[in-house]
Amino acid sequence: QRAMTTSTATADSPMREEFAKYTDYLNQLNDKRERVVKASRDVTMNSKKVIFQVHRMSKDNREDVLAKAENDLAAVTDQYMSKLVKELDGTDFWKLRRAYTFAVQEYVEAATFCRFCKAGTLLNLAEINASLLSLSAESLEPLQINVLDYLLGLADLTGELMRLAIGRISDGEVEYAEKICRFVRDIYRELTLLVPRMDDNFEMKKKMDTMLQSLVKIENACFSVHIWNHELARALGPRFMSPVDES
Amino acid sequence: SSSSSVEKQFEGFRVHLEESGNVRERIRAVVMEMEGAVRLMHSSLLLVHHTRPNPDVLEKAKLQIEVLKDLFGGLAQILRECPGQYYRYHGDWRSETQAAVSLITFLHWLETGNLLVHAEAEKKLGLDNSEFGLDIEDYLTGICFMSNELPRYVVNQVTAGDYDCPKKVLKFLTDLHSAFRMLNLRNDFLRKKFDGMKYDLRKVEEVYYDVKIRGLGSGDSIQGHATQA
Amino acid sequence: QRAMTTSTATADSPMREEFAKYTDYLNQLNDKRERVVKASRDVTMNSKKVIFQVHRMSKDNREDVLAKAENDLAAVTDQYMSKLVKELDGTDFWKLRRAYTFAVQEYVEAATFCRFCKAGTLLNLAEINASLLSLSAESLEPLQINVLDYLLGLADLTGELMRLAIGRISDGEVEYAEKICRFVRDIYRELTLLVPRMDDNFEMKKKMDTMLQSLVKIENACFSVHIWNHELARALGPRFMSPVDES
Amino acid sequence: SSSSSVEKQFEGFRVHLEESGNVRERIRAVVMEMEGAVRLMHSSLLLVHHTRPNPDVLEKAKLQIEVLKDLFGGLAQILRECPGQYYRYHGDWRSETQAAVSLITFLHWLETGNLLVHAEAEKKLGLDNSEFGLDIEDYLTGICFMSNELPRYVVNQVTAGDYDCPKKVLKFLTDLHSAFRMLNLRNDFLRKKFDGMKYDLRKVEEVYYDVKIRGLGSGDSIQGHATQA
Amino acid sequence: SSSSSVEKQFEGFRVHLEESGNVRERIRAVVMEMEGAVRLMHSSLLLVHHTRPNPDVLEKAKLQIEVLKDLFGGLAQILRECPGQYYRYHGDWRSETQAAVSLITFLHWLETGNLLVHAEAEKKLGLDNSEFGLDIEDYLTGICFMSNELPRYVVNQVTAGDYDCPKKVLKFLTDLHSAFRMLNLRNDFLRKKFDGMKYDLRKVEEVYYDVKIRGLGSGDSIQGHATQA
Amino acid sequence: SSSSSVEKQFEGFRVHLEESGNVRERIRAVVMEMEGAVRLMHSSLLLVHHTRPNPDVLEKAKLQIEVLKDLFGGLAQILRECPGQYYRYHGDWRSETQAAVSLITFLHWLETGNLLVHAEAEKKLGLDNSEFGLDIEDYLTGICFMSNELPRYVVNQVTAGDYDCPKKVLKFLTDLHSAFRMLNLRNDFLRKKFDGMKYDLRKVEEVYYDVKIRGLGSGDSIQGHATQA
Amino acid sequence: SSSSSVEKQFEGFRVHLEESGNVRERIRAVVMEMEGAVRLMHSSLLLVHHTRPNPDVLEKAKLQIEVLKDLFGGLAQILRECPGQYYRYHGDWRSETQAAVSLITFLHWLETGNLLVHAEAEKKLGLDNSEFGLDIEDYLTGICFMSNELPRYVVNQVTAGDYDCPKKVLKFLTDLHSAFRMLNLRNDFLRKKFDGMKYDLRKVEEVYYDVKIRGLGSGDSIQGHATQA
Amino acid sequence: SSSSSVEKQFEGFRVHLEESGNVRERIRAVVMEMEGAVRLMHSSLLLVHHTRPNPDVLEKAKLQIEVLKDLFGGLAQILRECPGQYYRYHGDWRSETQAAVSLITFLHWLETGNLLVHAEAEKKLGLDNSEFGLDIEDYLTGICFMSNELPRYVVNQVTAGDYDCPKKVLKFLTDLHSAFRMLNLRNDFLRKKFDGMKYDLRKVEEVYYDVKIRGLGSGDSIQGHATQA
């Protein structure tokens, strides 16, 4: 009968011992990847909630809303980013990057969004990474967000800033909108220089297109409110120019 | 001002990304040489399909191993400057590594009849230090590529008159296949390659029995045939 | 100053109370979806492991290997499917289907694969669903796998059966391969009648193409071994036909 | 035999799927009628853009609500035969439902100046029983569509000479927008629609101030203007 | 023999396919000329955006109508040889026909302020015989394309100082849009184009609003403003 | 007035579009039944892969031909009301017709070993009157689909023990392929399908080769073998 | 022998392919530098959106023109070695050339308000000898890309207080668009880019309209307003 | 004025583009004829698969070479008017050239058993002047296509009883493959086609194996078998 000879000899071949090692390696790697994916989903979802919280800001409630948002962000850092750090276990940051990159991008988006609304400045990668240092156990190499994920998160930030700008104009805060406009212009311009150098920049290129669209939306909004204000100033006459310029 | 602090940070990124861009360019140059070396080694080894294997053929192929070792050394050198970023650039030399593994393991099997295990492969390619190793999935993929050569080898050897070859290959491939089955593979590239190994195994088997029923192998007569003779 | 009038009045509008209800609803739904997604990943990964275990089967170790596979499958059911059932919380089976369908398909694939290897029969949907009944608490409506997910899982099963058939032929079990061939033919033929009726059948149509390819691979393998055996039988003469036919 | 047990199960599936296919066909027929009713109602309501709103226009539009109610009743009837499967077929009538919501909430606002809340909308469409309700995301999407009509409405009303309209709409839309901000939306269709509402709000605001600086609204003079007059 | 009967049949097919291939090639040649004529006419008509409309511009555009008429005559000639197959090749000249309709109806509107109705359009393009008519869906699609030009036209006319233009266009477009809404369109290309018409309408409404709120149109003084004066 | 003449025209369009919408709905209903009949016939015919062909299998498949004939009759009935518009709606039943052709020609080949020619196919499907025929490209596409079934058929028949099948199929397919090559196909769907036919031919050639080199077919003894005997 | 004549021929091919491979590698190196220079120039020019245009911004951007000129010189040098093969490698530097053209023509327009014509563009980029010129389609595509920048520019200049900018840009873009329309473009990339230009034109027209209707531009007083004054 | 200088420039572009458009149209006409000739030649040559090769079949195929030569002459004529632009239009006749090469080299091999080298191929197709040659990569791609025909040829010849064919083909293909391996191909279309050649080689090896293990070829007796006899 066919194949009689071949199927028996294999039971305890010397190869099997070798392959047992490979098996362990692959199993552990896959388990780790799964844990990282799960931790990442929590980071993503809760970072999104922080972003929504910031959008609840209006002229009158800014401090309260932002204080809550910062609290929520701190909770994301302490509860969920720390879990991600733990699951990553101090290694394989690059190997498993695809499993957590979207979460980290969303986290960067939330953190930089909070900072801009609070202080009008860009939260630096170094600052974020400094805040992550305390999360990992002493013995482990701490997770440090890489430049690529930071920049990808920043690209998404500009979409949120666009929404914010439109809202601020409705709320009468034209100067705030103009500040956002300048900020997004700066980021966009800086990124144009960096994009071609980024690893796998296909994704980033798409985000740059979206970013330009967002920027144009902000600029168009500033344009309409500007000509509108200008017409108003003319209508009211020179005596009444100043309060309008202040707005 | 806010704008200048933004600028400063981005200036830092620019430097960082330029550096990593340079790393990629340097890797690219090495990988292009690796591709050439792999191609040469492949060409040399292919001669085993057209003649009975002989030391000359194997020796010539082995020369390229040293070349590859040096090139991997070059890669390791580059990567040493970016600690912990092996997997950032890994995709850039992946397919050449897999091809290299398939060739050195095929060569090793031709010489010894045994599988060159991961640690030995690392050593042969000079990858044995802890910083720059041979990724296990790349090693396993290389093994699958090697397996793809075996049916062709066996067909050509039989045509060239070596009737004992199928048995030897069949034993080896059966063991290898059975060892592979221990792995839990994700639904990915490696699993697809492993599926191909099943077809290799079947083809080798058919050749083995083709030879056997015709009573061609040494000491391999099957009963029916034997009786008939 | 612009917008002075509008931003103040909103704080305690009657709408807010209404929207607080909507907010709660959406938050709960999203949280539930997240939990279901996570539970699903466990089901998927562990079902895959069961399938690999079954593939370790050979002529000599069948009972042992399958016993272990069935054990593992039972563990998937008890530990992971039960968690999925719990997270689904007895409701929203259709609403959240997209969050768990791939997991359930993979589970069906694993369960039917085990059953075919053990008994040579098709594990029915009713049997699977019966085994799930015990998982949910008395008070809840139990998760019942729907026909669509079952059929989608079945379509994937044929890919595994193809791999099995090729392996069985190498192992000399030609009859086993022929049995698989008949089984897959039956499933394929039955499914051709059902596909057009399935919801969103685009996915299933793709799977049908893959299934036909698998079937053709099995048939081609059976063909080669058949003509090979036939040539062998001729070579050995009529006296030796019978053992070959048996194989 | 194994083959016939397979057949038997699949025969069951065939019946099951045929039934659900029939359900879909029946839903399709109702939905086509809903589309017609929505279109008619939309046509009737659009007249508010070209005249000052008046009872006749609104009454004519309201007639379709009854039609829609009956059709939703028809859907509910069909779905009653498939308990627990509302969301299986939900996609089939989704966009018509959203359009219907946008129209009845617009109509309600025209009549009362208030938002028709979810429970009232359900009631109006006869969806108030527990089996066949109005999905909250559909309701919210419908509200966004309604908001999209408001800038156009305000522009046309001002053109037609109603200078008090912008203030009323602005108040309503500001409240609505602020209420929407309480929601945590996933990055999906609804969020995109909500983004559009911001633009509606801004346009209405611009019209409001256009009217105000020209001293057109009743009792709405702004300081600068007032002084000037 | 069976084999030769197959051959004979395929010889028949060869002739059939060659003939229809030739028809397509001949249609292709005519359509390429139509494309050119449409382009020229479009270029001429575009000048109305940059000046107040004047007879010279319109006359130059009208010259192309005769060219188009001849070309449609050429198509009709070709199709006469394939009775009953108008719709088989219809797709090959469809988009040029739609473009032609959009241009001649725009031109007609500029001259008369009225919609060029289907029968007149057929006549203008020489399509009035029963064999080769102007497909109604193509006519309607062309109308939608024409509508897309109106917002731009109105913006440019106001810039050029014609403040009465928006009112006139708005009246025309409102009537046209409301006539379209009577149709029960399938979910296809035409429906999508018609859905776009509402953006044209909205834009024209906004321009009319801009003009009116600033009291620019003749007989368009706003009450509030009037009092103020 | 101008506005009412527009209205009147659009009323005419409404009627026209509604009528053609109804035609499409009626066609849709027939086509859905055709799809079901085709599916049943396909499923019956699939059984020829499971066993040696036998009358029962073929008889069961043949039952559906009558069903299809009735349905095509239904289509013809509908189209009779729209003279000259066969090709307007043609796309709606095209793929079902092609599938039907592939099945009836396969069945005919199984019974007779000959190609069912176009005129016979038209007759079988009741399409033989001049108004509603079987489009030649649809017929040819159906033939290509039938060809795709042959490699699988031949493989399974050999496995089932019919060693003369490959020769027969190869003869048929070679003739068919060579007849097709006379056609001058446009670069379209049919051309692509025909290009696929060469893979069917190659596979059948290989099966015939496999059978012949092993001396399995009747009257197919190979010389080398013969000498040896 | 035959085999060695084959070998000899392939040795010739090897040399040929290696040479053209080297040419490509050298072109690649130059093109990568061009990409960098284009990027820097783009980034500098983006500043015109941030403020009213000023000499500093333009000077900084201009620095890169010299860099580009040198790089084009490098390309020309390489191509000089392969006479008649400009178009063989053309695709390798095409998109960088188009980007460069868009930037230098934008810069030139900012400085002079005129279009940089083809001959001048060639000269600026040092492409004025007969061997290595600026492909006309690349020049035209670059012009289209430049046009895409204008709507954004005009919006930002108005916001920055330059109310006369729209009129100037509109004049330029209208002339450019009308010049383009004379071309008979094939249905390709350039045609698609040109089709996009009409959206730029429409946006600039709207900005001009917005400015003019509010009486913001100098010498742009609107009649209605005038009366009121 | 500036505007008229722009116009003048674009008038130049119009002429330029029209000329190159005409060139493309003329090339298109020639290429369509080439496609036909290639198709006819292919059809004729395919007959070698169904019979033992014979002079009649080859002679008929050879007739088309002259036709192709004339058509290439036509192309050369057109290109002579555009010096230095061979590679600009090269893509337009590329695939027909490759197909032509595959056919004439296959034909040549059938007649002589040798590879038709590049210079001979150029000569056969009348491409031997310096202006309009046969691109080397097109020649090589054609060779790869020819290689794809060989497995099929060998299978069919063995079926037809020519057991010595595999050995001959294997020798030819092995030499060809080994000559190809000397080339350093870029990662492009040609490389992909060449990678496919190894499957042809493997298939031919397997056929040779099949023939040899059964002792069918002349002078191909297998040792084991011989002993047994």
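For reference, chains read A, B, C, D, E, F, G and H in written order, and residue numbers begin at 1 within each chain.
Assume a contact is a pair of C-beta atoms (placed from the backbone, for glycine too) under 8 Å apart; a residue touches a chain by one contact, two chains touch by 3 or more.
Note that the coordinates shown come from a computational prediction; the quantities given were computed from them, not determined experimentally.
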Query - Shared chain contacts [chain D and chain E, defined touch] - result: none
Query raised in the report: How would the chain E/chain G interface be labelled, same or different, where same requires over half of its residue numbers to be shared?
Result: different
**Report entry** Inter-chain centre distance, chain B versus chain G - centres from mean C-alpha coordinates, in Å
**Finding:** 48
**Report entry** chain D-chain H separation of Cα centroids, rounded to whole Å
**Finding:** 64
Report summary line: Separation of the C-alpha centres, chain F versus chain G, in whole Å, is 54
Query - Per-residue overlap in chain H, given as positions that touch at least 2 other chains - result: 184
Query raised in the report: So which stretches of chain C touch two or more other chains?
Result: 2-3, 6-7, 30, 58, 170, 182, 193, 224
Report summary line: All chain pairs satisfying the touch rule are A-B, A-C, A-D, A-G, B-C, B-H, C-D, C-F, D-E, E-F, E-G, F-H, G-H
Query raised in the report: Which positions of chain A touch chain B when the two form their complex?
Result: 2-3, 6-7, 9-10, 13, 15-16, 18-23, 25-27, 30, 92-95, 97, 120-122, 124-126, 141, 147, 151, 182-183, 186-187, 190-191, 193-194, 197-199
Query raised in the report: Which positions of chain F touch chain E when the two form their complex?
Result: 2-3, 5-7, 9-14, 16-18, 21, 24, 83-88, 90, 113-115, 117-118, 136-137, 140, 175-176, 179-180, 182-186
Query raised in the report: Within the complex, which stretch of chain B touches chain C?
Result: 174, 177-178, 181-187, 195, 198-199, 201-202, 205-206, 209-210, 213-214, 224-225, 228
Report summary line: The residues of chain D that touch chain E in their complex are 36, 39, 43, 46, 49-50, 152, 155-156, 158-159, 161, 163, 207, 210-211, 214-217, 229
Report summary line: Residue positions on chain C within touch of chain A in the complex are 1-4, 6-8, 30, 34, 37-38, 41-42, 45, 58-60, 170-172, 174, 229, 243, 246-247
